[in-house]
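Before I ask anything, here is the structure I am working with.
Residue numbering begins at 1 within each chain, and the chains themselves are lettered A, B and C in the order written.
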Amino acid sequence: MSDPTDPPLADLEEMLRLAEAMAFASPAPLTARALGNALPEGNDADAVLAALAARYAGRGVELVQVAGGWQFRTAPDLAARLRRVVQVPRRLPRVAMETLAIIAYHQPVTRPEIEEIRGAALSQQTLDQLLEGGLVQPRGRKETPGRPTMWGTTPAFLAQFGLNDLGDLPRRQDLFVEPPSQPSHASPPPSPAGEQTLPEPEG
Amino acid sequence: MAAVAESPPPEPVPADALLLRLDGFEGPLDLLLELARGQKVDLARISILALVEQYLAVIEGARRIRLELAADWLVMAAWLTWLKSRLLLPSGSEAADEAETAAEILAARLRDLQLVRAAAIWLGGRLQLGQDVFARGAAEDLTETDRSRLAADLPGLLRAYLAAARRGASGRRYRPAALTVWTVQSALARLAQLVGSLPDWASLERFLPEHMASPMERRAALSSTLLAGLEMARGGAIRLRQEIAFGPILVGRGRHDAPHDTLDEPDDVRPH
Amino acid sequence: MSDPTDPPLADLEEMLRLAEAMAFASPAPLTARALGNALPEGNDADAVLAALAARYAGRGVELVQVAGGWQFRTAPDLAARLRRVVQVPRRLPRVAMETLAIIAYHQPVTRPEIEEIRGAALSQQTLDQLLEGGLVQPRGRKETPGRPTMWGTTPAFLAQFGLNDLGDLPRRQDLFVEPPSQPSHASPPPSPAGEQTLPEPEG
């Protein structure tokens, strides 16, 4: 109910002002009932809201009817214009980064081989992270007992790291002053410098 | 613009009234300022001596009624007592000059506090957002966060490779890989879960878990799956069959009409 | 800069629509610079904002200049009616207002300095009230023994009290009837904070 001590709302213009302020300041859509309670008795809240909506039609801000009431919204054409996409790139966890690097240099490579090179177990979660990122893909199965899946990198991997092809990766011998001893059963590392051709990524 | 400052209390507050609401003061300086305002003159011209006497009277009164007074009230009282004794000395002496200076500083501090009070009242008289005027109630966030991109560059990849290769190389003394042991319990659960979904007489190997990469692990898993199979066959839930010696062991659904007909060819089943 | 693919803003009316939408959608006051970046080159953002403010004058929602930008706010005369429908936080108590005033006038200022001026200890509760309101923020540390944190006011402080910048605070002499005489430094009265120097007001 309107408080009797408030100055009377003289006319439609005053009622429009109140409806405008209420719709603007309310955290939730303004219902006709809530507005009606604030208006002097005998006034049609629906009519006031409709008049207000008409006044804002075509403006940069519009009064629209949403679930449960009326709310000011940025005009759709301008909202689209004002929308800004903020890029927040994800970081790959260290384990995933190491695994990816090993796959890049040793592809096609099986999971046990990756574990051998890293000297640590490879969790399914890590592999899933790389798969979700579209960075690695299965590259057939190795014809050894258990026929383990072999893994390789994807074109998305090349794009992510700004490489034209795998040959752009620095050669292993340029990375290591003293090359680490090779695990006996891992497949021979491809030399990205090109003495040995790398299998084409399938993606 | 809203009304600016509330005007200060028009009447000086009598000392005994102050006494009753000492707790309402924010410390000795606050009380001193209140007393000074009671002098009804500009703060620049207050009588420090009169002020000191008023303060000491209030404190004395408070101590008569209840002894609980915070230390800073008493520290101020002691200092003001010292100040009073010096202010009563004939002017010209060094002690009197010192007291004059101290009195000026006290007056300055009171003016500073008065200023703070006036500023707070001015601020309080402003139209405040959230109190008197309201901003938009429902926020509309037009920014979108795109986390699809990856923060990874080539140097990071190379660092990771070096770190992994070094660690792998340094740890490459003989160290048996930790075995993933596929327990009979797990095998039982998996068999029970899969037996309905695979065609009858599927090879036992198809009931092995995935991701059993090393041959050792596979063999261990095969043993536990066979043990689980024997256990389930005993209960009639499945049937086992091996057509030739050392050939694949085949798994079929149990015959519910003959639950006690256990193994079809029990003699053929042996671990390999 | 305006995106060249955006349709051209036909006229002032379109610029007003855009300014209206931006001021409305922005959580912080809209700066002329931000609007200028969105307008076609050669347009005066200040003039557009002033025109928009004029259009909203006397309405239930007004465009006001605060904290270095422009923000829509409900008209002050509607406050009493709106307080019934919008949740209103408690007003800051006197102690918090005085502490805020000291920080506003003396920033950057340390806690011992605040206590020195008020002649009373600063309670954690008071500091919490100011921090919760986002009205004050740390402003580095003072290079004195103990390296106490220095405090200053925030843009939210300006916005809350309807100030465009700190220069809108009344000058000391306008608050005081007579200009205060310079305090000299000798044997000052005791202070709870135990500091023996009066902070030099920057007013």
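Convention: a contact is a pair of C-beta atoms (placed from the backbone, for glycine too) under 8 Å apart; a residue touches a chain by one contact, two chains touch by 3 or more.
Owing to the predicted nature of the structure, the values given are computational and were not obtained by experimental measurement.
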Chain whose mean Cα position lies farthest from chain C: A
Middle chain, criterion being Cα centroid separation: B
Between chain B and chain A, distance of the C-alpha-averaged centres to the nearest whole Å: 26
Distance from chain C to chain B - Cα centre to Cα centre, in angstrom: 28
Chain centre separation in whole Å, for chain C relative to chain A (CA means): 35
Set of chain A residues in contact with two or more other chains: 21, 24-27, 72, 74, 79, 82
Contacts with 2+ other chains: residues of chain B: 134-137, 140, 142
Footprint of chain C on chain B - complex, ascending: 2, 26-30, 32, 42, 44, 72, 75-76, 79-80, 83, 98, 101-102, 104-106, 108-109, 111-120, 122-124, 126-137, 139-142
Chain C partner contacts - residues on chain A that touch it in the complex: 2-3, 6, 16-22, 24-27, 34, 38, 59-61, 72, 74-75, 78-79, 81-82
Contact set on chain A toward chain B in their complex: 21, 24-29, 71-74, 79, 82-92, 94, 97-102, 104-105, 110-112, 115-121, 124, 133, 135, 144-146, 148, 160-163, 170, 175-176, 180-181, 183
Contact footprint of chain A on chain B as seen in their complex: 134-138, 140, 142-147, 149-154, 156-158, 160-172, 177-178, 211-215, 217-218
